[in-house]
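These are the structures in question, set out in turn.
Presented sequentially are two complexes of chain A, the first with chain B as partner and the second with chain C.
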Partner chain A sequence: MSALLEVRDLSIAIAGAARPLVDHVSFDVAAGETLCIVGESGCGKSLTALALMGLLSNPPLRRTGGTARFRDRDLFELPPRELRDLRGGEMAMIFQEPMTSLNPALTVGDQIVEAVRTHRACSAAEARDRALEMLRRVRIPAPEKRLGEHPHALSGGMRQRAMIAMALANDPALLIADEPTTALDVTVQAQVLDLMVTLQRESGAGMMLITHDLGVVAGLADRVAVMYAGRIVETGPVAAIFDDPQHPYTLGLIRSIPALSGERRRLATVPGTVPTAAAMPPGCRFAPRCPFAGPDCRAAPPLAEITPGHRVACHRAPIEEKAA
Partner chain B sequence: MSDVVLEAVGLEKRFTRRRLFAADTVVRAVNGVDLAVRRGETYAIVGESGCGKSTMARLLLTLMRPSGGTVLYEGRDTAGMSDRELRALRRDLQVIFQDPFSSLNPQMSVGALIEEPLRVHGIGTAAERRATAAAMLARVGLRPEHADRYPHEFSGGQRQRIGIARALVTGPKVVIGDEPVSALDVSIQAQVINILAALKAEMGLTLVLIAHDLAVIRHMADRVAVMYLGEIVEEAPADDLFARPAHPYTAALMAAIPIPETGARAPAATLEGEPPNPVAPPPGCRFHPRCPHARDNCRTDHPALRELGDRRVACHYAEELTLPGIAAGTQRRAPAVERRFALLDARTQDNDRGERP
Partner chain C sequence: MSHIPRRALSLPRPLLLGGAILLASTLVAAFPGAVAPYDPLAMDYVNLLAPPSAAHPFGTDNFGRDVLSRVLHAYTIDMQIALFATLFPFVFGTLVGAVVGYVGGTPEAVFGRVVDAVITFPFLVLVIAIVSVLGPGLGNMYIAIGVVGWVFYARIVAAEVKVQTRLDYADAGRAMGYTHARIVFRHLLPNAITPAVVYWMTDMALAILLGSSLGYLGLGAQPPAAEWGVQIADGKNFMATAWWISVFPGIAIVITGLGFSLLGDGLAEVLRGRR
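Up next, the complex of A and B:
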């Protein structure tokens, strides 16, 4: 299966910081596949998505290197006009907080109609039919009525459905979802995730899902990339990440999650805090918090393959041979 | 002395929205809640947006006057307390908020912030207050030199440690945490949970935890109350609630938890729709329009919260329903993962404060 999206060595810098915020990040997304990018605040996962969509606030943020091939075009080399055509068309994005990404002055229907007519030649009536069809597909109750309502009249879950409807209105080949359910209650989150899985299965789109929730990762991902302080530290099939985690940060993340059954033990923690943009450490960026760090960690470890498709950026990988 | 330290009896809070050209609307945010928090336990209140759990927190803290019912502290009705008694109560009953940054004065140094509650309550001399605050700073895992810095210089996890230090410096008996770890990343969240657990044990605290993250609740709580549209629908010891929910809404919450393990089911959307508008709650059982088990009488008869073994449940059919919870062995780790955790243990000398020595 050839990749739909191929990102290579993406780097993003911020004015005033010595080291890049996103540093040589590479990954693929194939058609029909879900890649989850997981990490904590400030790891660069959202910046990566924004860069792909051409939405970095520029300056202070600046893409300093890398390529992103999407269906044989480099997103970073496209003229702004062509990128605009792609965005919301073949490539769509869902954000965490629909209220800030929907236009409060336009009705839900008008916004979907606008999205449709920006990308295809059709009459207003045809676009409206399409909008109605999309609201039905995302299972919004009373869709005819909702078309004429403004975003503030909808609940959080309904707004997120409306945004999904808009994102999918032009049958995108690639969907980028940045924490799409983080602001939702758990039962509503389950509904929205369920919907996303169903719609993706129907359309065969590739999905890049950004999340901090390992439960969401386990439920949806085919492959996972774990990011820490601007770098991918481990990537592989979802089973490798949960059953054969190699990077000390991945282990720490999995271990910090409270258990849902069985004995309650004191939570293990990852000591210290994530480095700030201004103070990214040299070499391995996790080394200051890593119990296995040694002098060699002052050199950045390459993201090296340890089993097919499973790559780890750690001088101690495989961990049971080298860190025991 | 009674086993119960904090109690709500028939507690109600109505919010009225007055409108010029239409009838007033009344939201019953808390609708007849009875609960009793036992000394030394962690009692969690869980529910989704709009269920009334944050209003409950404010009522229990006596920061808000109830529309009906009472809050009893150590068996005494807080409504009848004099200003002097209320002041003493606030020393005993403290709060930790979700977002410590918005509750910390940005112009005060961290040392001054932690001393402030002592000053307000007139505890000790200036020198004693400084010493107490410094000791508290250490107990939440911050360094002495942090006392001279300002809130903006700290990360989210460190700010929450400051919030905890401020809440605990007066030596309270009961602490109410309103989503105390919700804004934190998972690795930082674990640090703060451990600090809270350690301090609770050291200081003999009773903890009331308002939260929405079910895994955090399972980890921290002894007993859990589940709220839906202003009412408690189930209350049970934490392990029982997770393993064998008795109320269909609790079961729906359990089914929706995303489970971090390989081959996990995708979170199941067993509920259609969203909680109804609290202005016009449905008649009968407030949950019936979304309940897969609802029958005719659920649409008309409001189920009372009644005792069933060592739990309380508000469902007409609690005895006959067998509802799935979180199965034993959920989130079991692969042997390789357990071996690597042991490797980490051997190397990590972290302590309850979550800081490296």
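Up next, the complex of A and C:
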């Protein structure tokens, strides 16, 4: 299976900071696959997504290195015109905040129609039919009525559905979703996620889902990349990450999920906080919070493959063998 | 905007009142002959400086011209001033402001200094300076006001577009592959233009005052044209004996200005509610 999107050594820096916010991040997304990027707030996962869409606010944020090949084109080298054709066409993005991601001054229908007409040559009537069809596919009730309404008349869940309809209107090959359900109620979250997965399966698109919710990851991901302080610390198939986590940070994350059954215990937490960009340690960035840290952690560990497809950036991995 | 008519019943009162005043003013401006009892320039030497009476409800001036007819005919010029003196600043300033607010960086810094330079001078002084260079008359007055006035709109719109540019839907537009021009003019501007429209209404009231001031100073509309500022200037020597020459055009200015202000307030309320 050849990759739809190949990101290699992507680095992003903020003007004036010594160390990059995103540091040599590499990953692939294949067609039909869901890659979840997990990490706490500020670990650089949203920046990675924005960089891929060419949306870094420049300055102060700047891509300092790396490539991203999407269907054999380098996203960072494309002329603006081709990049525009790509965005919203072959690759689409769903944003975190459905409340502010729709234009409050235009009707939902107009916004979807515009998305359609930007990327295909079709009449206004055809685009309107397509918008209606998309609203049906994302299961918005009374879609004919909703077409003519402004975003303020829609609930949060419905707005996010409308955003999804807009993003999927042109059958993108790659969908980037940046915490698409964070702003929604838990029950609505589940519905929206189900919907996204169903639509993705139908279209065979690759999806890059950014989240900090491990429950979402376990339910949706084919593969997972765990990010910490701007680096990928562990990546692999979802089963490997949950059944056999190797990086101390991944371990900490998984231990901090509340269990629904069994013995009630205090939730485990990862001690300390993410160091600021200025105070980032050399070598392993997790070392100051890591229970297993030793002197060798002052050198940055490489992202080494321990079983096929499962890579970990830790001197202690694989834990079982080295501890023995 | 198919949902707006449904709200027509609950429109704010200032909007209705201001709209009514301006509708009436516009009708008078379009057809002054239909409501004015006399020719505004016709002189009646028998009735010089006649006080208000049944024949001349607002009295006559020092040439025996009917003040009521002149006040009504002046609507044509003064409503024109309200529109022409503000239309160019509104359109041009909005465009410049939208682009500058979206692009930011060096163009915005340059624009900021231009604004600083213009607003350093009192508005009226600057306009008077430009008119005296170009020569008096309505056309030159529009030019002078246009040269100065656009910066106020540009400043308002630039600030508002800058705010909107930071919102997610602007990024979403880029992520959909829209061009910069499309994002600015179709997506950001409709959300950013409200304060500029409201200011426009206030500015029309100010333009009438400014037009009248310049008319009064002899730099705007020229005698014998019927214009409120000119009329007030005509009457200033007779204030003690024939107050009606100046007072009635003054009242017309107040009422028209009030109409624009009320309309502006009402619009602000409606447009804010739409968000």
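Side notes on the structure shown:
The working rule: the second predicted complex is superposed on the first by the 322 of 324 C-alpha atoms of A that agree within 3 Å, B and C clash if a C-alpha of one lies under 4 Å from a C-alpha of the other, contacts with A are read in each partner's own complex, and residues count from 1 in each chain.
In this text, contacts are C-beta pairs under 8 Å (C-beta built on N, C-alpha and C of every residue); 3 or more make two chains touch, one makes a residue touch a chain.
Note that the structure is a prediction, hence the values are computed from the model and not measured.
Once the complexes are laid over each other on chain A, chain B and chain C both fit without any clash.
After the superposition on chain A, the angle chain B-chain A-chain C between C-alpha centres rounds to 80°, nearest 10.
Of the two partner chains, neither chain B nor chain C is touched by A:Leu61. In the overlay built on the shared chain, the residue A:Ala17 is in contact with neither chain B nor chain C.
Of the two partners chain B and chain C, more chain A residues are in touch with B.
Applying the stated contact rule after C-alpha superposition, one finds that A:Cys122 touches neither chain B nor chain C. Legend: residue contacts after superposition of the two complexes on their common chain; A:Ala3 is shown touching neither chain B nor chain C.
Shared-chain residue A:Leu260: touches chain B; no touch with chain C.
When both complexes are overlaid on chain A, the residue A:Gln96 reaches chain C alone and has no touch with chain B.
Applying the stated contact rule after C-alpha superposition, one finds that A:Thr273 touches chain B and leaves chain C untouched. Figure legend note: chain B and chain C, brought together by superposition on chain A, show a least Cα distance of 6 Å. Across the superposed pair, chain B and chain C touch chain A at no common residue. Interface residues of chain A facing chain B in the complex, by the touch rule stated above, are 40-41, 141, 155-158, 185-191, 193-194, 197, 212-220, 238-239, 242-245, 248, 251-262, 264, 266-274, 291-292, 319-320, 323-324. If you check the complex, the residues on chain B that touch chain A are 48-49, 155-158, 185-191, 193-194, 197, 212, 214-216, 218-220, 242-243, 252-253, 255-274, 326-331, 334, 336-337, 339-341, 343-345, 347-348, 350, 352, 354-356. Per the touch definition, chain A reaches chain C in the complex via residues 50, 53-55, 83-89, 92-93, 95-97, 100-106, 114-115, 118-119, 148-150, 152, 163, 166. Considering their complex, residues 2-3, 167-169, 171-179, 182, 186-187, 190-191, 274-275 of chain C touch chain A.
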